[in-house]
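What follows are several structures.
One chain, chain A, appears in both complexes that follow, with chain B as partner in the first and chain C in the second.
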Partner chain A sequence: MRNPWTRTGNYKTSYAQDTTIFATYSEQASLVVFLVGMLVLPRFLVRGDMQILDLILIYALAVLGLNIITGYAGLINIGHAAFMGVGAYTAALVAPHLPFWAVLPVSGLVAAMAGAVVGIPALRIKHLYLAIATLAFQLIFEWAVGHSPALEQGGAMAMPRVVFLGYKVGFKNHHYFWYYVTFVVLVLMAFAFRNLLRTRFGRSLVAVRDNDRAADAMGMDPGRTKVFAFALGAFYAGVAGALYAYWSRAVVIEDYSLMISIKFLAMAIVGGLGTLVGSFFGPAFLELLDINMETFSYAIKEIYNPPGVDVGSAIRPLAFGLAIVLFLIFEPRGLANWWRLLRSYFRNWPFKY
Partner chain B sequence: MAQLSVENVTLSFGGINALNGVDVVVEPGELISIIGPNGAGKTSLLNCISGFYHPTKGRITFEGHDLTHASPHTITGYGIARAFQNIELFGGVSVLENLMLARHTYLKYSIGAASVYYGAARRREVENRRVVEDVIDFMELEPYRKALVGNLPYGVRKRVEVARALSLEPKLLLLDEPMAGMTLEEKEDMVRFILDILAERGTTVILIEHDLGVVMDISDRVYVLDFGMVIATGKPEDVAEDPAVIEAYVGGAG
Partner chain C sequence: MSYFFQLLVSGIVVGSVYALAALGFVLIYKASRVINFAHGHFIAIGAFTAYALATSLGLSVWIAAALALAFTAIVGYFTERIFLKPLVGQPIISVIMVTIGLASVFGGLIHMTPYGSGNFSLPDFLPEGGVSFAGISVSYPQLLAVVFTGVFLAAFGWFFQRSTVGIAMRAVADDQMASMSLGVSVEKVFALAWAAAGVTAAAAGLIVGAISGLNLEGLVGIGLKVFPVVILGGLDSIPGAVVGGIIIGILENLAAGYLDAYIPGGGTGDVFPFLVLLLVLWFKPHGLFGTEEIERV
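For the complex of A and B:
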């Protein structure tokens, strides 16, 4: 007999059924529980925690975009923070004239255009050479912002305060408000991401990653697909940039520097390249590690503080680097692989086989 | 009128002529084999037809379309599919996904519909899944449907390669050594598949193959290439008797 709560067998009778993502009641229920949990979570957290939680969600959105470009299409992108920066600066420029819900897609679209332009070299070059082209974009972006008076030459550009349905977002509720906005945007865009990946758009990304000669023979234009990958990934980064701008109340060039691009790559790898859940695990793991190491470094300073060596401030980058190296050696498929193993264990649970 | 015509095609890499004034004419529904020693230019000719190389001189046409300078994906759109000699599958995804990838140009829906997986997107996916399932059934790949291609044994991957080309529903199928490195049993299976493709689907087939036994048994006509030139052409039994062919394969009398 069919038990709708677990996968006790294959009861699929149509191809449409075979494409469902949450097939059993338990899987559907766990999704609902997770979403509701995320909605009530702020009730149990203080403002300082909310700030970190917001940051993780915003980074998750950006890493989602990086996963499209690097994880699925296989195009190494060392300029992702610059795409995010394009979105943030667009937000800073248009926010005084538009409501925030319109600023987000506009920022995304402008970043997508930048992404498409950066993708153009992908028509001719591949692999490391393309990575260098994205690095060039990162540097050009930083230089251009640093030299344009309209963007305060990289200095702080304040974001206007948001009024939503007559409700003024102020100091007290700032992180709570942006948590819910980011959460809704993230869920919608993750949903779109998952769907795109099981249709022709996502498949073609994987095709150019695995074998672009064969992709060509299958009737796809590999060049156009790569430009599309950059544009779509940059769209995600652009929306994340606009959210980051609102969240941090100002746009500063340091938030979109090369270091942040590297951090995004690290998050994507630690989370698991080319996975949806990895885009959440990576930022969460590295940001929480960073916060904990900060606390830890104060403790270290108390115990051991030789003159001339700043042990405390060395701990954070050290932990970051160590985490990446350990993941590359022991779990190159990232945290998403642990998630996969956990899920496959519980798939038939409580039955043995 | 011929379905495919290759007229006086020359392909040069620097000073070397990989192909030298090659003429090939293919009629609809034929099984044409191209044979020749290693380095004769067989794969180069296939690469010219499928658009991976562009001839230095000469012209290639298919059903009124000029293929001479067209890109591979344009040529695929005209109805020419190809199975590669050195398996070029998408290793990171399943057999099913590999075949669905071949349906790319048939999956017509907007990015908006795709992002919510509703309406046209869902409908087209299911329609094309049905086509792909027919091919899976045809090529007897049912046990491997959801297996990662990278983990499959060589003989099965060769079959997936042909199945993927078939999923494009081509009018002309180019098979580059589909039986290379296979066991006798696998070869017999592949020959049966090729004959079925001709009989059931009416697809024209151009086959490159080293196994002369197979070639002589199943081909309608044979082209023999040597040093980039067609040295003989005609029915298998005539070609086998041709002195130029014998010389190319076993060497001259002195």
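For the complex of A and C:
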């Protein structure tokens, strides 16, 4: 007799059963518990914590997009923050005229167009060459924004205040409001991300990553797939950029610089490339590491603080870089692999097997 | 017209720095197919080591420079041994990311010293003034930069054509399997390539120090400018690195000289190389001298 709550054996009799996301009721139940937990979480957090949580969720959304481009399609993207920036600047330009729930998809679509344009070289070049092309896009984007008077030359562009169903978002509820917005958007887009691999397009993404010539021979169009991958990943980044703009109340070019692009790549790697949970673990791990290192640098300043040295600005990149290097050398599959190991340990718990 | 030639001359000077920096970059790529995002930090390490030795120990600039070259070579060697060797055979993204991570680590370490922020200039070791020819003036540091680059390239040319180690390195770049079966230690060649890249990077940093002074951001920025240079010249071509470096240097200076007036805020020179990079990638992805990869299923 099959126990629907745990995996007691292989009872799969159809293809649909084999590709299902939730094999057991307990997996569905734990997801519901997790979602409800996330919904009530803000009640127990203070404003400062909410700010960090918002940031992590917004970054998670952007990293999901990067995971489509780099994780699924295998196209190294060193310009993801620029896609996010395209979304953010679109949001800053259209926000005075549109309600916020319309601004998000518009920003996403504009970023997707930018993504498709950046993806065009992928028709011709790949691997390292493509990575360098995205790097060039990132630098050209920063320069172009820095020289556009319409975009305040990279300075602060203020975002308007949001009124939603007669509910004014002000100083006190700002982070709580955007937490829920980000959360809803993130759940929807994570759902799409998880299901992407079960679609025809998702399969061709992976096929093209693994061997684009073989994929071509099997009737897929590698060029189109790559351009679409860029567009889709950039859409995620664009929505994240719009959310970031609202959340930080202003659009500044520093938030979309090469440093941030590198941060996204690091988050994707530390979390585990091409995994859904990794897209959450990566941003959470690196952001918390960054915050803790800032606190830690005060402790170091007590011991080592020579003139002309800013320990704070030294220790943070140091920890960030070490995290990347150590993960790559010792756990290339990232935090998602630890999560997998943990889950498989508890799968039949408390029984041994 | 003399304005044009003045821009051309300063372009050649900047270009020779790029050529040196790109040379090390190409060496690493040729030997081990690794793109080194930490190259700008190697440049910074070399330059600041020389500066620290010259100012705090009071060594002459020439001795400090020689020691800095050696030190950066050692840094390069151990970087390969410790961080790159475990990743042999891993996907490209891992290798790229490890060099990005290393860039961050080096950046943090440099910030731990007083050289992380602010501008520094090497003690004067050349006479003031310069040579003037037909209305174009070239200062002694600039002249030195070009001569130094020339000497360096000649030395490397000799190294690769004549010395056993250099020939072994070329063999590995050509065919790893075949060179391994002939008794070349591929591992050692990888590490040596990184050491040689460290030397050239440090040399580039020293020249920047002689021409315009040292600043961490500026030195690391050269590490980014290397990308247009190597793409234009061809990722795996040493003559390409030199030619590409000079061309990018000249284009950058001409763009800054003629276009800045039309663009609010200026700074055209910073972005122009990357526009060139995109154009090259679109129309001639393997650059001027790079080998075209032919792929089979």
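The criterion applied here is as follows: the second predicted complex is superposed on the first by the 346 of 353 C-alpha atoms of A that agree within 3 Å, B and C clash if a C-alpha of one lies under 4 Å from a C-alpha of the other, contacts with A are read in each partner's own complex, and residues count from 1 in each chain.
The working rule: a residue touches a chain if its C-beta (ideal position, glycine included) is under 8 Å from a C-beta of that chain, and two chains touch if they have at least 3 such contacts.
All of these numbers come straight from a predicted model, not from anything done at the bench.
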item: Partner chain in contact with A:I76 - chain B first, chain C second, else both or neither; value: second
item: Contacts of A:R213 with chain B and chain C, given as first, second, both or neither; value: both
item: Touching partner for A:F320 - first (chain B), second (chain C), both, neither; value: second
item: First, second, both or neither for A:L128, with chain B first and chain C second; value: second
item: Partner chain in contact with A:R200 - chain B first, chain C second, else both or neither; value: first
item: Chain A residues touched - chain C or chain B, whichever exceeds; value: C
item: Chain B versus chain C as contact partner of A:D221, first or second or both or neither; value: first
item: Chain B versus chain C as contact partner of A:R340, first or second or both or neither; value: neither
item: Residues of chain A at both interfaces, chain B in one complex, chain C in the other; value: 211, 213-214, 217
item: Chain C residues within the chain A interface of the complex; value: 35, 83, 86-87, 90, 92-94, 96-98, 100-114, 116-118, 224, 227-228, 231, 235, 263-265, 267, 270-271, 274-275, 277-278, 281-282, 285, 295-297
item: Touch list for chain A against partner chain B, complex; value: 14-16, 18-19, 191-192, 195-196, 198-201, 203-204, 206-207, 209-211, 213-222
item: Of all residues in chain A, those that touch chain C in their complex; value: 70, 74, 76, 121, 124-125, 127-129, 131-133, 135-137, 139-140, 143-144, 146-147, 149, 153, 211, 213-214, 217, 262, 265-266, 269, 273, 306-311, 313-325, 328-329, 332
item: Complex interface listing, chain B residues touching chain A; value: 50-52, 71-73, 76-77, 81-82, 84, 88-93, 97, 100-105, 107, 109, 111, 114-117, 121-122, 125-126, 129-130, 133, 164, 168
